[in-house]
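Both of the next two complexes hold chain A, though its partner changes from chain B to chain C.
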Partner chain A sequence: MSIAITTQFICFTVLSLVVLIGALGVVLLESIVYSAFLLGGVFMSVAGLYLLLNASFVAAAQVLVYVGAVNVLIIFAIMLVNKKEDLKPINDIKSRRVISTSICLTLLSLLIRVDLTKVWSLSSPQNSIGEESTIRIGEHLFSDYLLPFEVASVLLLMAMIGAIVLARRDVMSKDISTGLPVDQELIEKSSEPLLTNKN
Partner chain B sequence: MEYGLDLEYSFNEFLKGFGLSSEIAHIIWLPLPMLLVLVAAVVGVLVTVWLERKISAAAQQRIGPEYAGALGVLQPIADGLKLLVKEDIIPAKADGILFTAGPILVLVPVILSWLIVPFGQNLLISNVGIGIFLWIALSSIQPIGLLMSGYASNNKYSLLGGLRAAAQSISYEIPLALSVLAIVLMTNSLSTVDIVNQQSSAGILSWNIWRQPVGFIVFWICALAECERLPFDLPEAEEELVAGYQTEYAGMKFALFYLGSYINLILSALLVSILYLGGWGFPIPVELIAKLLNLPINAPFIQVFTASIGIVMTVLKAYLLVFIAILLRWTTPRVRIDQLLDLGWKFLLPISLANLLITAGLKLAFPQFFGG
Partner chain C sequence: MNLESIPLQAFLIVSSALFCIGIWGLLNSRNAVRVLMSIELMLNAVNINLMAFSSYIDNNLIQGQVFTIFVITVAAAEAAVGLAILLSLYRNRVTVDMESFNLLKW
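== the complex of A and B ==
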C-alpha cells in the first residue's frame, strides 16, 4: 500500500467514526446544547468525507451552509430560549424506546441490504472531475436543474416571509395558535434614544 | 504567466539527489510551508500588537511601551510570556469541555484560512481550486466557537457577548461574500492566484480597487466587523458586557482568543490586498522594468528578486490596511447593536447586491475591462 492510500484510509476511518459516534450522541445525549454542538461536528466530518471524494466545492458549501448557517441558527435558538424547565415525565417511555429502536434498526438493515445488493458503478480516479466540479455544478444549475433550483428558492422565500409574519406579531391581532387577542405589551417598541428630547 | 520560483519542485529535486523517492520527498516537504506560514502569522501578530500599542499611544499623546527593547519592540513578547505562565483557570460552575473547545474552534479556522494566502506565483501552501470560497466557508465556523465559549462560561455577560458575536458575524458574512462574488465574476475563477494575476496586466492601474470601489469599501467594513474591531467590537464592549465571551478566560485560553483576533485582522488585511490591491504585484509591472533594463525575465537573479518584491509588496499593503484598522479603532466610537444590524442588513446587503448586479452587467457590456 502506498502512503497516499494509507493516509486516505486512516482519514476515512476517523471521519466515519466521528460521524457515527457524533450522530449517536446527537440523538442519545440528554443535554440539548451538547446535541447541537455535536451536530456541528457531524456536519464537519461529512464535509471531510466530501473532501476525500475530491469534491472540494461541495465540502466547502457543506461547511458554509450546514455548519455556518443551519447549526449556528440551531444553537442560537437554543440559547435564546434557555429556560431551566424540567420536561414532563412520559408514561410509557420504555415501550416507546423499544418501538423507535426497532424502527431505526429496520431502516438500517434495509439500507445495508441495498448497499450489499446494488452493484455500484465506480468511476476511476482518472475520470473524476475534481477541481472542475465548481464549473460543472454551475452548468447543471443553469440548464437541466434550473426548475428545481428556482422552485427551491421560492420555497425559501416563502419560509422567510412566514418567519417574518410569525416574528412580527403586530401585523396580526389574533394569536394563530390560541385564537386569543395578541398581548401587544410584549412586542418590542421601536427604539427612540432616550436623550434626544432633552435639549 | 506560469513562471516564478517553484520551491517545491527544486526541493524535491534536491532530496531526490540523495536517493529518496518522490513520495518521501513530498512528505518531508509538506510540513515546511505550513510551519513557515504559522511562524509568519505569529510574527505578524507580534508586530501588529506592537503597532497597536504604539499607534494608540500616539493617538492619545502618550509614549507607549518604551523600556522593553528599543522603542518597546519586545513588549508583545513579554505579553505573550506573561499569558503563557499564567494560571489556567476553569471556573467552578463552567462547562469544562466546551470551555476548552471554544477558543480552539475560534483559532483553528482562522489559521486554516492562511492556506490560500499567496505571497507570489508559487509562494502559497496550496493553490486549491475553490480558493477564496474556502475562506468564506471557514470563517463561518467561528461563531460556533464564540457561542460555545459564551455558553460554557456560565456567565450572563459571556452568553450575551457570544450571542452578539454570532449575530454580527452572520449578518456581515452575506455582504462580504457578495462583494467577493463580484471579484470572482470578473476573474472567472475562485483561486486567489488567478485573482492576483488578473490584476497584474498594467500595474497599479489594473488593480481591482478602481473597478470595484464599492465592493472594496463594503468588503473592508465587513472584514472589520468580522474581526470584531472597533467601531464594531460589540461582542466585547467593555462598558456593557465586561469583556463579552472572553470574560471568564485567563492564561493560554485567553491568549488563543487574542491570537485568533489578531491573526484574523492580518488575514483580512492580506485578503483585501489580494482581492483589491493587486496582491504581490508591484505598482509598476516587474516585467516592464526588466524589459527596460534589458534583463531576461527567467534569469535566477531576477526570479529571486521578483519573488522578494512580491512578498514585500503583499506584506506592505497588508500592514497599510492594518494601520488604517488600528487608527480607526482608536479614533471612532462604538456603534449600538441596532445600528450595527441596520448597517449590515439595510445598507451593506442591498449595496453589495446592486454592486454584484452592476458588475455582471458591466462584464457583459465591456468584457475587455471587466473580464470576459
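== the complex of A and C ==
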C-alpha cells in the first residue's frame, strides 16, 4: 500500500462510519426503499475497505455482485411486493425487543473482547504480495481450489433453475373449482389467496 | 503512539459490530425483504473478517480472498433463491409480514 498512513486512517474511519451507520439505517428505517438504497451504500463502503486491504479484485467483485446484482434484485423484489399494509400488533413486542437487543449486545461484547485480548501472530508485511493478489487468486482458483470453483458453477446453475421454478406463475386455462375458462388478465386480482390465515 | 498501519483489531471490531447489527435486524424485522437484507449484512461482516485475516496473517498465500470470492458466489445464489421464495409466499399470502408465515408452527 503506497498511500500515506494518515490518509489510510482517515479513509478507514470514514468507511467504517459509513458501514456502521448505514447498517443501522438498513435495520431501523421505516421505509424499506430507503433501507435498500442504504444497503447499496454499505456494500460500496465494504468494497472500499477491501481496497484498503490491498485486494482490488475482490473489491471489484464486491461492487459487481453485491451492488450490481444483489441490490438490484432486492429493489426489484421491493417493487413487486411493496404494498402498504397495517401490521397486526404483537402482544409481547417490548419483551421481545429487550431480549433480542440484550442478546446482540452480549454477543458484541464477547466478540470485541476476543478481538482485543487475543494476540494474533501477524506476518511481516515484507513478504506481502500486494498488487499481485489478482494473479495469486487466479492461480488458487485453477489449482488447489479447482473443485470448489467447479462446484460453485453447478451451485449457481441450480440456484438459477430453482429461482425460476419458484417465482414462475402457473397460468391455468380452467378454474380448478368451477371448470370455467379463466380470464387471464384478471388472474392476479380475482384469485383468492391460497393459504389464508385461518386464525 | 507510532503505528505503521491500521491495526487488525480495527477491522475485526467493525466486522463484529456489523454482524451484530445484522443479527438484530434478522430478529426484529417484520418485513421479509428486510430479513434478507440483514442476512446480506451478516455475510458482508464475515467477508470483512476473512479479508482482514488474509491481509494481516496470510498475506503471501491469500487464501482468505479466495474464500471471500466463494462466499460472494453463495450469497448471490442465496439472494436469488430467497427472493424467489419471497415472491411465491407473497403470491399465496398477499403479505410480507414475518408474523403471518406460520405454516410450519406446531
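What we mean here is this: the second predicted complex is superposed on the first by the 159 of 199 C-alpha atoms of A that agree within 3 Å, B and C clash if a C-alpha of one lies under 4 Å from a C-alpha of the other, contacts with A are read in each partner's own complex, and residues count from 1 in each chain.
The definition used in the following text is that a residue touches a chain if its C-beta (ideal position, glycine included) is under 8 Å from a C-beta of that chain, and two chains touch if they have at least 3 such contacts.
Just so you know, these numbers come straight off a predicted model, no measurement behind them.
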Combined model on chain A where chain B meets chain C, clash or fit: fit
Touching partner for A:141 - first (chain B), second (chain C), both, neither: second
Contacts of A:37 with chain B and chain C, given as first, second, both or neither: first
Chain A: partner with more touched residues, chain B or chain C: C
Which superposed partner A:57 touches (first chain B, second chain C, both, neither): both
Which superposed partner A:88 touches (first chain B, second chain C, both, neither): second
Which superposed partner A:80 touches (first chain B, second chain C, both, neither): both
Which of chain B and chain C A:131 touches, first, second, both or neither: first
Partner chain(s) touched by A:68 [first = chain B, second = chain C, both, neither]: first
First (chain B), second (chain C), both or neither touched by A:19: second
Chain B versus chain C - smallest C-alpha distance in the overlay, whole Å: 14
Footprint overlap on chain A, comparing chain B with chain C: 57, 61, 69, 76, 80
Sites on chain A touched by chain C in the complex: 1, 5, 8-9, 12, 16, 19-20, 23-24, 26-27, 32, 35-36, 39, 42-43, 46, 49-50, 52-55, 57-58, 61-62, 65-66, 69-70, 73-74, 76-78, 80-81, 83, 85, 87-88, 90, 96-97, 100-101, 103-105, 107-108, 111-112, 115-116, 120-123, 125, 127-129, 133, 136-137, 140-141, 145, 148, 152, 155-156, 158-160, 162-164, 166-167, 169, 193-197
Chain A partner contacts - residues on chain C that touch it in the complex: 3-6, 8-14, 16-25, 27-34, 36-38, 40-41, 44, 47-48, 51-52, 54-63, 65-66, 68-70, 72-81, 83-88, 90-97, 99-100, 102-103
Touching residues (chain side chain A, partner chain B) in the complex: 2-4, 33, 37, 40, 44, 56-57, 60-61, 63-64, 67-69, 71-72, 75-76, 79-80, 82, 130-131, 134, 191
Residues of chain B touching chain A in the complex: 23, 27, 98, 128-130, 133-134, 136-138, 140-141, 143-144, 147-148, 150-151, 159, 162-163, 166-167, 170, 173, 190, 338
